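What follows is a set of structures to go through.
In the two complexes that follow, chain A is the common piece, with chain B as its partner first and chain C second.
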Partner chain A sequence: MSKAKPLGGRIITPTLFICVIFTGFFLYFAVQRFVFGIGSVTNLNDGFPWGIWIAYDVVVGSAFACGGYVMALMVYVLNKGEFHPLVRPALLASMFGYTLAGVSVFLDIGRYWNAYNLYLPWQMNFHSVMFEVAMCIGTYIFVLWLEFSPAFVEKWHLTKAGSFLNRIVFALIALGVLLPTMHQSSLGTMMLMAGFKLDPLWHTSSLPLLFLLTAIFMGFAMVIFEGTLSSRIYDLGDETAMFSKIARIVSWVLGFYMVIRFQNIFMRGELGHAFSGSFLGNMFLLENVLLLVGLVILGAEKKRSNPQALFVAAVAILLGGSLFRFNTYIIGFDPGTGWKYFPSVGEQMITYGLIAIEIGAYTVFVKFFSVFTTHTPVKSNQKERIPHV
Partner chain B sequence: MKIKRRDFLKGAAGGLALLSLDADDSHARSVQALPPEALGILYDSTLCVGCNSCMPACKKANNMDPEFSGNQQIWDNPPDLSSKTLNVIKRYSNGTAATKDVEIDGYAFIKRQCLHCVDPSCVTACPVSALIKDESTGIVIYNKHACIGCRYCQVACPYNIPKFEWDDPFPEIVKCQLCHHLIEDGGMPACCSVCPTGASLFGKVSELIVETRRRLQMKPGKEYDFPVSSLNSGKSHQYKAPKYLRHVYGKEELGGTQVMYMSAVDYTKFGLPSFPKESFVSMASGIQYAIYKGMVYPLVVLAGLIFMVKKNKSEDEQRKNNENNEPREGNHE
Partner chain C sequence: MSKEDSNTVKSRLGNVSRRDFMKFCSAVAATMALPGTVVPDIAHALTSPTRPPVIWLHGAECTGCSMSLLRSEHPTLEKLIFDLISLDFHETLSAGAGHQAEEALHRAVEDNYGKFILVIEGAIPLKNSGVFCRIAGKNFVDTVKDIGRKAGAIIAIGSCASWGGVAAMEPNPTGCVGVQEVLSDKQVVSIPGCPPNPYNLLSTIIHYLTFKKLPGLDQQNRPKFAYGRLIHEHCERRPHFDNGRFARSFGDEGHAKGYCLYYLGCKGPVTYANCSTNQFGDAGSGCWPVAIGHPCFGCAEKGVGFNVPQFTTSPVLHTTPGAGSAPITLERGEGASPGSAALMAGVAGAALGAGAVFTAKLGGKEVDHEDKKA
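Our next item is the complex of A and B:
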């Protein structure tokens, strides 16, 4: 078993350069938002108070960032030590995903200077789903940085901090499993309150369970997606064997999800609505067809040991899961007063900028800190090698 | 050890099962009741003549500027509720719009404002208690010093009432607060005190409900006394009773509201949705409550997780130490 170590190599790459440009756009529109108000940058309105900053950056983005959660669950709770090499890359992606979700929330909330009220006991509203989500995500960002901090310890030889971390690390990992379980399901509970504004294809009391399950299989799918890309780009060697084991778990979770999803729609008598050919019905079908494609590929033992098929399945699952979450937060939402919403250019630039920061920071971090465990490179994988990305 | 882990997994599965429960099974939270001294407004659409005098009175009482629409910049003329308008009179009209309070070829007025729900979604939704329901008057009050501007109240409100100042770098949530600053000084909401016909009538909700019963028993066409401004103002007008719908909007909708409507024209014509008696709040927070009450489940799960992680982690380290003692082949360091 080889140890994780920094990749080294050139820091300034074309990828990083593109990321920096988008970060520039992000900064421009962020300044505009703080000077002239949210309305000057976004198309948000009183009917659609939440747009892509919540639906993508927080709701979908945090599901993409569930890799750290599911890998910690596998390795430390279910004791599958064989996946150990995947934990740290997943944690790093989760750390950036959640941190930038936090940044996005800070841009989105209108009265950010009052945010400290969340921590004043006499202001806390324990009935509020938003309160629980805010506390959980806020704490989890902190936990993720601590979970990842052994990489900092190794880099700068902080022996004192390291031994302290070692003493509390099991509590951190436990929190790192509990908190996402709580807030990922609560992201579903959140939209129950929308009541009649949310289409019945998505408004169901099973939303918390559906959101938790999507978080789990999207987290796994992200590990496969990211792992496939980085093992190609950074010549980490062939990890397909590990991914196909994960894929098997995904197929079970996803299968369970699909059964619940359709049983729920059927029991509530909404199946006709789903197949009615209406826009929302089609969105529902599209969301589930994407997931089904993933399920069919991963369900077949032969397919899931093929890296290309694995990658296609992971992408389909990520898209399907994201569409489910988008549908629940924006597309299936209709306040019923003629309001319309489509994200403005500035709004989109903030989101693209956050994604760019995430990718850029990731590429820098893996070169500086011990993230990846290199296997003996398999020669055949080096053919399509892209140097210095 | 193995058994303990299985027990834990069972517990976790139980927690998941709870998540998927239907709202009806998990009613751990009691639905809010109407405070006995609750204050409200009874708006009678059949008495409203559409003079709009309540609108500038509202602006004046709340220090707000006029809002213009169309080409004119002369007088307050908001098309709907907004961050600049807490109260608006809207008009339904159909066909020739010849007769008042008739659905076909007729017209009618409706007053839109915060209805001050008995079980308000916005109050449950707000993470920092910036929206609270006054314990004695039941008025839903906004505290800008606590508000973080997350706008969950806007998502949660079934009547789309809270508005947000989108073009202000220091925005606030804006909604009718029933002129509680005037009520504290012994007054009443500005819209009711200026209403010339008694269409907007201020009073205790319990007494307003009695008044709705009186009106529902009136014989259409016969003359009756209708109080003006408030139930105990002593002022009244005589009108011929209209043909009321047998439905007071807000008496039961989503657990009830403190501002209620009476009308001769169906409420859906005014864009008021028909709602069940149970509020969406009780569904969401019923589930939330069943899982998080006293934080018992989360803490039990956390304890289980800590136990398992600690065990697995130390096994893991032992394995690693053993490996380190053995000679390594092809190492990277």
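Our next item is the complex of A and C:
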């Protein structure tokens, strides 16, 4: 197996330039939020105490960032060494995804200067789901940076730190698999507590399981999505063979999810509501149609080995999974008595800015640190690959 | 408490029904903020065949604390002292007099040596060896020292017994002090107030009977369940304070409207007691001083009651942010504005477009591959 290498090359690219512009917007609105308070930037209110920063940046963003989780699970726990080249890019994306989710939480909590209390043992409330999520995500951010730290070790030749890392890396990986399993399901538990405020299409005691499953297949889909993009943009060679194997796993997980989802809706007698033509019913259908499109594409072996179909399926799954999480956290949530919420311009700019930071930092990191395993050019590789495909 | 248990103690409960009795136990548990699960324990402790002996002594005081206890009705005092606890000696309620009463006291003390609950009401004069309060030919201070030594638990009821109260008011000619000062080597539970809420005493005694230990005490040995919070914190007139609506003199418009009495010298902001949450005794709701329009004078707080003049305003110990005025019409959030909707649509469109272009390019390459393979 070829070793991961920094890509090198030009740092300032048009992509990075656009990202920097959006980062500028982000900084402008973040400063405004910290100086003038959360109400000056957001449309949050007493009915919707959290909005797009939590629903997208934390809930959807952390599912997008589950690539590191599922790849670590595959390679280190299920011992599928063949996927090893995908681990580090996935970890990098996860690291940024989670770190920025943490930043987003910090922006979202009203009295951010009290945030340190989370880490004071005598302040901890072990009966709180929110505490579980906060603690898990807070810890997982550090774990991800440590999991990725071999790249720093290689870059700066930190041999001492490297040998120390080698000794503890098994614990990091164990934590890296345990923590997302805990908090991704807890993200579902959190909205379970919303009770009747959440539409019955999404409010079910299976929410924790549904959230865990969406995290898993969205993580895999993200690996395919992001891998396809980077392999084309950075000319890394064709990784379709690896992706199609992952796609096969996704089709099983997604299929399992769809069965549970519809059985759950049917069992609770809400299928009529889903097909009633109401706005929420349609949102439910849209969410599941997107997932179904992904499932149908990935279910066919021929389609699985076509990079275009793979990419379309990955996008459909990511959109469907995100819509499920958006529906649960904002769209299907009605606090009653006429509360309304739509993210303000400033609020959206912060979210776009965070995405831009993630993309920009990713493009810089892959050039500085050993993230990608470059393959030999596609053509000379093809003979070797055809039997697998 | 099961029906059978109830029947065995029926004679002692008199006209109190099992239901009323359990309600009393629940109310006591609630006063101390204990969980409902201890209610049966309380019932058991109160109905056990050996009634806990209580000896009640009076010093330099007005018997107001006993009077307030007489007003408690859940159950009535006589049920409590004759049937639930064993009030073996109480000077005011005693039927006997003179030598007969004294003999009863000493017999009660000797019979229950080390077990009885000693309740002391009233301050203890120390000046001139304490000659200012003599009972049965003995200085009260000597009686307290003698009997206090033999008691299982000691409760000082009322402000006088707690720190001297009205009897120790400046210039304190008789040198009155509280019980703790005389029995400095013993733990004395203080239940200050002039008079204190009788349920604070009942709850303390019943806690001791149920759990065989005293409830949690603060630094001045007051039960935390009753004296843990400032009156001001839970005062029914607190919203007026937070919004700056004050009565400025008795009978003015603000006073008539029930505004905050802070500027009339209310000592609620410096007095730790549960008057604002438990009201007063069985007098009914709305019958504690602040509710009837009289500022609190801090009777339960050493150094405030009988010490700071009635109309002197007190410092506010814990300044908390005002609740602000609740708006009449509530803004219920904004929907999509043209700007925010356009931004979201634009970004989503751009992302979709980029995705479509990329997908198309992917397709192109793939066709190439397939062509080549073919």
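As a convention for this text, the second predicted complex is superposed on the first by the 378 of 389 C-alpha atoms of A that agree within 3 Å, B and C clash if a C-alpha of one lies under 4 Å from a C-alpha of the other, contacts with A are read in each partner's own complex, and residues count from 1 in each chain.
Keep this in mind: contacts are C-beta pairs under 8 Å (C-beta built on N, C-alpha and C of every residue); 3 or more make two chains touch, one makes a residue touch a chain.
In this text, all values refer to a predicted model and were calculated from it rather than measured experimentally.
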item	value
Combined model on chain A where chain B meets chain C, clash or fit	clash
First, second, both or neither for A:G47, with chain B first and chain C second	both
Partner chain in contact with A:Q348 - chain B first, chain C second, else both or neither	second
Touched partner set for A:T337, first chain B, second chain C, both or neither	both
Partner chain in contact with A:I249 - chain B first, chain C second, else both or neither	neither
Which superposed partner A:F311 touches (first chain B, second chain C, both, neither)	second
If touched residues of chain A are counted for chain B and for chain C, the larger one	B
Contacts of A:M258 with chain B and chain C, given as first, second, both or neither	neither
Where chain A meets both chain C and chain B, residue numbers	44-47, 337
In the complex, chain C residues that touch chain A	330-337, 339-341, 343-344, 347, 355, 358-359, 361-363, 365-366, 369, 373
Contact footprint of chain B on chain A as seen in their complex	1-3, 5, 34-40, 42, 44-47, 49-50, 75-77, 79, 81, 84, 108-112, 114-115, 117-118, 120, 123-132, 134, 169-171, 173-175, 177-178, 181-182, 185-186, 189-197, 205-206, 208-209, 212, 260, 335-337, 374, 376
Chain A partner contacts - residues on chain B that touch it in the complex	16, 19-23, 29, 82-83, 121, 124-130, 144-152, 154-156, 158, 160, 162-172, 271, 273, 275, 280-281, 283-285, 287-289, 292, 298, 301-302, 305-306, 308-310, 312-313, 315-316, 319-320, 323, 330-333
Interface residues, chain A side, partner chain C - complex	43-48, 228-229, 232, 306-308, 311-312, 315, 337-345, 347-349, 352, 378, 382, 386
